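I have a structure here, written as structure tokens, and I will follow up with some questions on it.
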Amino acid sequence: MVYALCFVLFVIGLYCALTKKNIVKIVIGLTIMEYAVNLFLVLLGYRKDGVAPIVEEGAGPLEFLARSVDPLPQALVVTSIVIGLGVTTLAIALCVRLYEKYGTFDISEIRRLKG
Amino acid sequence: MNTLLIPLLVAIPLGGAFFIPLVSRKVRVLADIIGNLATLSVLVIAVLLFQVRTVYSIGGWNASVGITWVLDGFSNLMLVIICLISFVATLFSSQYMERYTAKYKFYSLFLLMVAGMNGVVMTGDMFNLFVFLEIASVASYALVAFGGNHEELEAAFKYLVLASIGSTLVLFGIAFIYGATGYLNMASISQAIRTGPRTPILTLAVVFFTVGFGIKAALVPFHPWLPDAHPSAPAPISAMLSGVLIKALGIYALTRVLFNVIGITPIYGAVLITIGALSMVVGVFLAVGQWDFKRLLAYHSISQMGYVVLGIGLGGYILASGGKQSAAMLAILGGIFHLANHSVFKSLLFLVSGSIEYSTGTRQLKEMGGLLEKMPLTRATCTIASLSIAGVPPFNGFWSKLIIIMAAFQGGYPWLAALTILVSFVTLLSFIKVLRYAFLGHLPESLKAVRESPALMSIALVVLAIFCTCMGLLLIPGAREMILDPAVGALANGVGYAQAVLALR
Amino acid sequence: MGIELYLFILLVFLIVGALIAVETKNLLSSVISLGAIGFGLSIAFLFLRAPDLAIVQIAVEVVLLIFLIRATIGRDVIPTKGHIHWAGLLIVCLLTVGFFAFGYYAFRSLNEFGTPIISAVGNAPSNKYLADGLKETGSANIVTSILLDYRAFDTLGEATVLFAAVLGALAVLRGRAWSKREKDK
Amino acid sequence: MNGMTVIVKTVTRWLKVFIFLYGIYIIITGHLAPGGGFAGGVIIACSYMLLTLAYGKEFTLKRLSLRAGHHLDSSGALLFLVVALFGLGSGGIFFANVLQNRYPGAKFTLLSSGTILISNIAISLKVAASLFLIFIILSVLRIVLVEDGSQKMIQEEEEE
């Protein structure tokens, strides 16, 4: 059920990126898609009544192993958040430059190249 | 000794890319020198490592715990292709890129792209594949927009949006795979999938991978970015994008995941055949009507990628449905050989278009004409490349198309063979048009002062033209066993990949 | 219920935020709803026992918001007009619905929420990280030990992506793209 | 951009130190507590952004020029690569945590995890410099009115 809600978020982002006419909206759609994937990865690693994957001084290793949430998806998501930031930054730079050239964010007016 | 060289394939381009902005703001020529040296040394290393089959564990962590690099036949072939084309492209760009400002940024991004592709081709880990996919993609978005004009920015934005959707889908697919198996290492995933049940989540992951990598490879339902992005980039970058980027990020990754990680089934094979045939036909018919030289070439890239996917998909289909083994191997051989050939002649064609644009300042075929006398060398190389792509014997394109057609006949699909021949014929027509309008006819008044392109650019053209002429020789028995068959074997091995990797370790 | 219930409410909040961000006419409010989604996500990470991610997400969200607001402020003067053709919209809607239905069907073959795959697969790498991470890398924070030791190569790649993106953005935003010789032509 | 009111400036003067210190804390304890090089780098970049927003870009650029930002950006990435190659040079293994393998530190202390600390610092340098650069470039773009009334943005020429 939680997975499905996360997937709804992803589909909303995809819908936004595919149908919107405003280039900033498209970038927002891309960002929402990324958020959904990140959340999905972390959801995959959650353990009921788990603890954060940080070893406390004096904690028993076996108990930690049995109770900690999955650390690998968290490490992956740190990487993927940064990658997302990079791509979004580049996209914003392109948007700013496109606005400078065309004077609009409307993609139906940014159409010099023929299909 | 050899194991020490493997990390350098990624470390040298990365180091070069980080180092160029530090030093070359003051001394401009350093960017040229570092860029060319980096690609040359990577090429040398790739050739030295060509016969090496090994698994390299990064950080010394074994197998599934850390990240591994796997060098097998297919990876080695791709590495050599990537490094060769990138070396020629840097050679070309040291003079060509004088047209633009901020050359050091160009070289830095270029090397990042090379590092990303090398990483994708070598890696044996799903998430690492995604990370390096993104390095190469991000660098290529910026390079498409390098000219900074209206068209370049628009094309780059379109490319960025579609390709980012593709990357996100790939990441989602990786998340599914991780949720179903608990591993990220390709060999471990493959083993877990083979022993466990095939759940619907795997099918969903395959759909996501097909769409995601399909966008990167510009196969037909997902192609709209390519005819804008490839012509808009500077010529050496067009050569890189069409020549190797769509292959390394799209076709290599897709086939690696489908064949070696998840395991090919008749349905996946049929999907690949359909997409391939569709790309082949749609690409070539869209190309015929184009008058912009680079745009025409870009549409032909879609069509030629169709050949590659058709060949590999046909092989996978026959393998999975238990057909004739020899026909399957032949089909995959045709696909991979055409991939190698296409990267050579399509890069050459884009470099030729760059060379013409450098001298005449136009890309429109209708504004050219009579360049035969003025640019003899460009004309000769262009003819060779055109004949190659159209599949005229003795050039390399002929042999790979012939193999695909033979495989289609042997496998019992004569209509696919007929389709291939038809598309090949239309390609020939379209390139006769190019040769006719660009080089024959009478010279317009405005182009009287045109001169042949500078020395380094010409050298780059000639190197690739020699490869175009000679690559047919790869099919003679000794060379074929050494170079092409290991690559075919790596793919045809299917989920046997896991054992192969475990045995190498 | 506990955390699951909170998470459920938070996800509904995220979805509503996303819908607002997608459908609102004003660009600035759209950007700000995106910020709300980001901060909500950061809280969700806290619930899911991922404090590292919560910090990274909140920091990144601040930066992203600053960039987006600077990019859009004062520039949405001309409202975008022109709608997608209704047939196209219908196809997109049908595709997304079908896509969602298939996804929902497929998700049921995943492990149930709250029991990660590592509890079923004994020799999954994550179990090794949890068991030996402190001993082998000396880092008490297992996520850091994965990021910078076990899978440090990914982190190098991640830093490189950021480097490429920044260099690319600088290249895109540079004042003059063509050299003087070319301008004279 | 000339900065904001006196209140904002005063608050910023006090706040910037704490944000900066918090960033550094997050970086160097990345292997013991939540956080790490990336989050710390972003926070440090945020402190510079706050300064720029409050005092205007001339104020910040006097303290950290664009060129220095570029150099920090590249050298941070280069430092991380050097850490990786150090493993290759001294043990033949790319990315080996050589320091931890040879001289393991006491657990739960600052110097407990070999190259992880160095990598964290390298990443934070890189990230902080990159984001600062992007921010400056995006804020250097400014809107001016052209004669015919249409808006146009002009970027100050970067030094060639």
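Letters A, B, C and D mark the chains as written, and numbering starts fresh at 1 in each.
The working rule: contacts are C-beta pairs under 8 Å (C-beta built on N, C-alpha and C of every residue); 3 or more make two chains touch, one makes a residue touch a chain.
Since the model is a prediction, treat every value here as computed from it, not as a measurement.
Listing every chain that touches subunit B and subunit C alike gives A, D. Chain centres here are means of the Cα atoms, and by that rule the chain farthest away from subunit B is D.
For chain pairs A-B and A-D, the one joined by more C-beta pairs in contact is A-B. Our note on geometry: subunit A versus subunit B, Cα centroid distance of 28 Å, whole angstroms. Per-chain Cα centroids separate subunit A from subunit D by 22 Å.
Averaging C-alpha coordinates per chain places the centre of subunit B 36 Å away from that of subunit D.
Here the CA centre of subunit C is 21 Å from the CA centre of subunit D. Along subunit B, residues 14, 18, 21, 58-59, 101, 127, 131, 134, 138, 141-142, 145, 148-149, 153, 156, 178-179, 184 each make contact with two or more other chains.
Shown for subunit D are the residues in touch with two or more other chains, namely 33-34, 36, 38, 73-74, 77, 81, 84, 94-95, 97, 108, 127, 134, 137-138, 141, 151. For subunit A, residues that reach two or more other chains under the stated contact definition are 14, 18, 44, 52, 54, 57, 72, 76, 78-79, 82-83, 86-87, 89-90, 92-97, 99, 103.
Taken as a contact graph, the chains are fully connected, with every chain touching every other chain.
Listing the residues of subunit D that touch subunit C in their complex gives 26, 30-39, 42-43, 45-46, 49, 73-74, 76-77, 80-81, 84, 94-95, 97, 100, 104-105, 107-108, 112-116, 119-120, 123, 126-127, 130-131, 133-135, 137-139, 141, 143, 151, 155-158. The touching residues of subunit D, counted against subunit A in their complex, run 33-34, 36, 38, 108, 127, 134, 137-138, 141, 150-153. Residues 102-103, 105-111, 117-118, 120-121, 123-126, 128-129, 149-154, 156-158, 160-161, 163-165, 167-172, 174, 176-179, 181-182, 185 of subunit C are the ones that touch subunit B when the two sit in their complex. Of all residues in subunit B, only 14, 17-18, 21, 58-59, 61, 64-67, 98-102, 105-106, 108-109, 112, 115-116, 119, 127-128, 131-132, 134-135, 138-139, 141-143, 145-149, 153, 156, 176, 178-185, 192, 199-201, 203-204, 207, 361 touch subunit C in the complex they form.
Within the complex, the subunit A residues that touch subunit C are 1-9, 11-16, 18-22, 24-25, 27-29, 31-32, 35, 38-39, 42-48, 50-57, 61, 64-65, 68-72, 74-79, 81-90, 92-97, 99, 103-108.
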